[in-house]
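Look for chain A in each of the two complexes below; its partner is chain B in the first and chain C in the second.
And now, the complex of A and B:
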């Protein structure tokens, strides 16, 4: 069973890196969940069953963080440096924010026009931006010593791109319904 | 979550939505964002020769509270000097709109946006 003192990466037998093989992570999760499944402890005492439920929750929590690139980056930065980027704060990066504003305007136009193929093209464009941002994140986390300022920037950039992607998903649902 | 009537009013009938020409010498532009919720806010002020804010415009992509906060602050800054505008506190916005604790950061964003706009204006004028 996983030890509760382990960090999320250790729980899955991983080194603390930003790059993660998600399909592998998913299958590892299934194996681990199976090994701690409460049914296995049906004949054990109440304490053992409670423990197995606790482990199940911990594994699911860890998986939810590791599979999400924003949460994974925030967790990893916190693990390595103690810096907390999950709290509410304002960023002041006019050039980047102007670009984000323009992307949201573009999305608004597309939704108003109701053209699903344009929306798909736009989704591809944002996904590409997101992927290159994730690549940059991997490189930043691989550097020694860590450039925390650059990492904090890379994290908020990923957060804004993620928000745009989730807006796109909502727009898709709207246009297709 | 229930929005207050004032939030709904500003959200449904936002005041001063739009843009000014960024490069104009009389315009100050503030661009701020809140990564946790992905909100982006652009707030612009148009300042006359006496240093009074004649007009203000905003464009915000975010939740109802973020839109209401920016709409309200554009109303409030009109007729104020740039220095007075800088003294507006997020708590005043939050109180006026009766924002719940989880939405306080939306009012912080509006305060930061006006400060950024004044800073941009002052930098343009070598202050």
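And now, the complex of A and C:
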């Protein structure tokens, strides 16, 4: 496969940074897909079709990683340091562990109470925490040399907040149906 | 195959010859075929002027097969040999469908395909064969009306169709002898029909309420690119439920025993009339059995409102999957006959806060959109016109310990896509591993749909947990899945046996193809040779076009010479050789252009990136 050595950032003509303009990225994805998508090769030979499918698959895959802040952070850390946080990694951060337990308890209480507007308020709170966590992540990645221990902690926190948000969504689904 | 040239008024046919392509809406109850002529997509009528073809097939004792209106005549007189709603059987298991009322008159039986088959007086017919009869009838209608052979078709499938159902649809086309350019989802097709007519950019919701199914899709159109953001719905919710609710009221009013099936059937027919009458009138008189009464629109609406509300709940979930609010939706496209019911239009308008689009006939809109896409894919339109980006409708996963389903590709992931997951052995010296591919959102495997079972054999004996088995899923642009498994530490590639849970294997398809196309083997061979020659011609034209466009820039003299030699060879063999020789010569051309094709792809990506940056400045 030609150019498969390219990293996900390079595929979109970007420098490897944590901050990414997502609307711009998705519009870039569309421009790229416009020239390589299998629909462009529906009446070409089997070989071209295969190639086009591979390229499109790579682009879709890269986009899925870059668009998701947790996956992007994990990918970027791995790219720069070789550390793989996606594989059973434990982080020692007692303070955050406490906060985590409190947030989970709060969510359980709200779900048990069945109050949608309280759930939405809680979702806003987590979103805010996530946003500031992302900002911190940007700063950590901009520092030289990289503080890998801090980054691993930050990724872990972001992952937790992300997971909590998706749990909130599921809880909302259940409450509404 | 000589493709007929059709010139549009005021345009010459050269240098681009107009190829014939069609869009097919292969529906549960009705099917349609449409094509683009003189720049406009239209559904094609039969000789009597009817555009809609009932999706009904009748098999007579003497082997005569009739399809559509002529088959409908047998629904009552010869129910046993008449098959309606075959779409509900596609890619399903016998257990899935035994309760479906449409088949109460048929003799369903297990078949070697895993799918239920229907016993008729002229043999056992599996759903793929039955569907292929409908496709054949539609294609025949188009080819007669267009006076030429179709170069390819786009067939629509419901967005919620899983793997097995999509594959079965594609197999049906293969047996019918039509080339499938692409399978696209029905709501996407509907959006295409409207998107191009109105040219509006933004977020579109496609609300498709048919007789027995409900489907909602959120699409984004930007810079000519159509992107499916999320899909949802309910495969057991539709206008028939309206009839059932009204019939329930009638039965109650007339104090009829609920188990009186005949009376209930009559009530259903009456209910449909009442529903249709109340579309245009405020009140209607009813005579049902000994009961005389009336129903006004308000009463009917109170009966069907809970069903309409269910569709809105699905809308809410699907919007959430796309990360959008109802107010962000720019257009709502209405598809399916049941969207003619005023309450449906009203509730949809209230929910989204704007009037839904109803300009195009909701029964024809899907076929029209499919025709537009077929016209683009066959190459009648210039490249940068439009692009469709689709997603997988249901999560694809694998069974893990304890009967749990682990998701490998989540629903609404854009396709084509590839994902891999690593697994390991749990016993010392384990040399084989069973892999069960499932589809669905539920946590337990038994609640998901079983797609295929694989066995990976020849794993070198190791201690438990040491082997690394990589299971890779690849979904192509039609939404069809290919799964491979490999032990990665030793690099030993092991055998995989694939057994589709509900579908045909290649051998069964070949057999059906042979028996359906012609009984004479010579005809079959001649047809295959002709197809191979067409393929050769297509390859030659494609490579020549590529050479003309970028041969000078991307190839050295020697490289170009080698490709041209291979082309010459293929052209000669195509005229003088047999099927195998042509196949071989095509492979030689493919090999010689491998590097060239790859360079071209990279060049076009580089160009797209550069062009983009200039746009942004």
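Operating definition for what follows: the second predicted complex is superposed on the first by the 172 of 177 C-alpha atoms of A that agree within 3 Å, B and C clash if a C-alpha of one lies under 4 Å from a C-alpha of the other, contacts with A are read in each partner's own complex, and residues count from 1 in each chain.
Going forward, a contact is a pair of C-beta atoms (placed from the backbone, for glycine too) under 8 Å apart; a residue touches a chain by one contact, two chains touch by 3 or more.
Small disclaimer: the values here were computed from a predicted structure and weren't measured.
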{"item": "Contacts of A:93 with chain B and chain C, given as first, second, both or neither", "value": "first"}
{"item": "Touching partner for A:116 - first (chain B), second (chain C), both, neither", "value": "neither"}
{"item": "Chain B versus chain C as contact partner of A:104, first or second or both or neither", "value": "first"}
{"item": "Touching partner for A:22 - first (chain B), second (chain C), both, neither", "value": "neither"}
{"item": "Comparison of chain B and chain C by chain A residues contacted", "value": "C"}
{"item": "Partner chain in contact with A:79 - chain B first, chain C second, else both or neither", "value": "neither"}
{"item": "Touching partner for A:39 - first (chain B), second (chain C), both, neither", "value": "second"}
{"item": "Partner chain in contact with A:142 - chain B first, chain C second, else both or neither", "value": "neither"}
{"item": "Chain B/chain C common contact set on chain A", "value": "none"}
{"item": "Residues of chain A that touch chain B when the two form their complex", "value": "85-94, 97-98, 100-101, 104, 155-156, 159-160, 162-164, 166"}
{"item": "Complex interface listing, chain C residues touching chain A", "value": "152, 181-182, 222-225, 227, 313, 316-317, 320, 376-379, 383-384, 387-389, 413-419, 474, 476-477, 538-539, 542-543, 589-590, 593-594, 597-599, 601-602, 604-605, 607-609, 611-613, 616"}
{"item": "Residues of chain A touching chain C in the complex", "value": "1-3, 12-13, 24, 27-28, 30-40, 42-48, 51-53, 55-57, 60-61, 63-64, 169, 173, 176-177"}
{"item": "In the complex with chain A, residue positions of chain B that touch it", "value": "29, 31-38, 40, 42, 59, 61, 105, 108-109, 112, 116"}
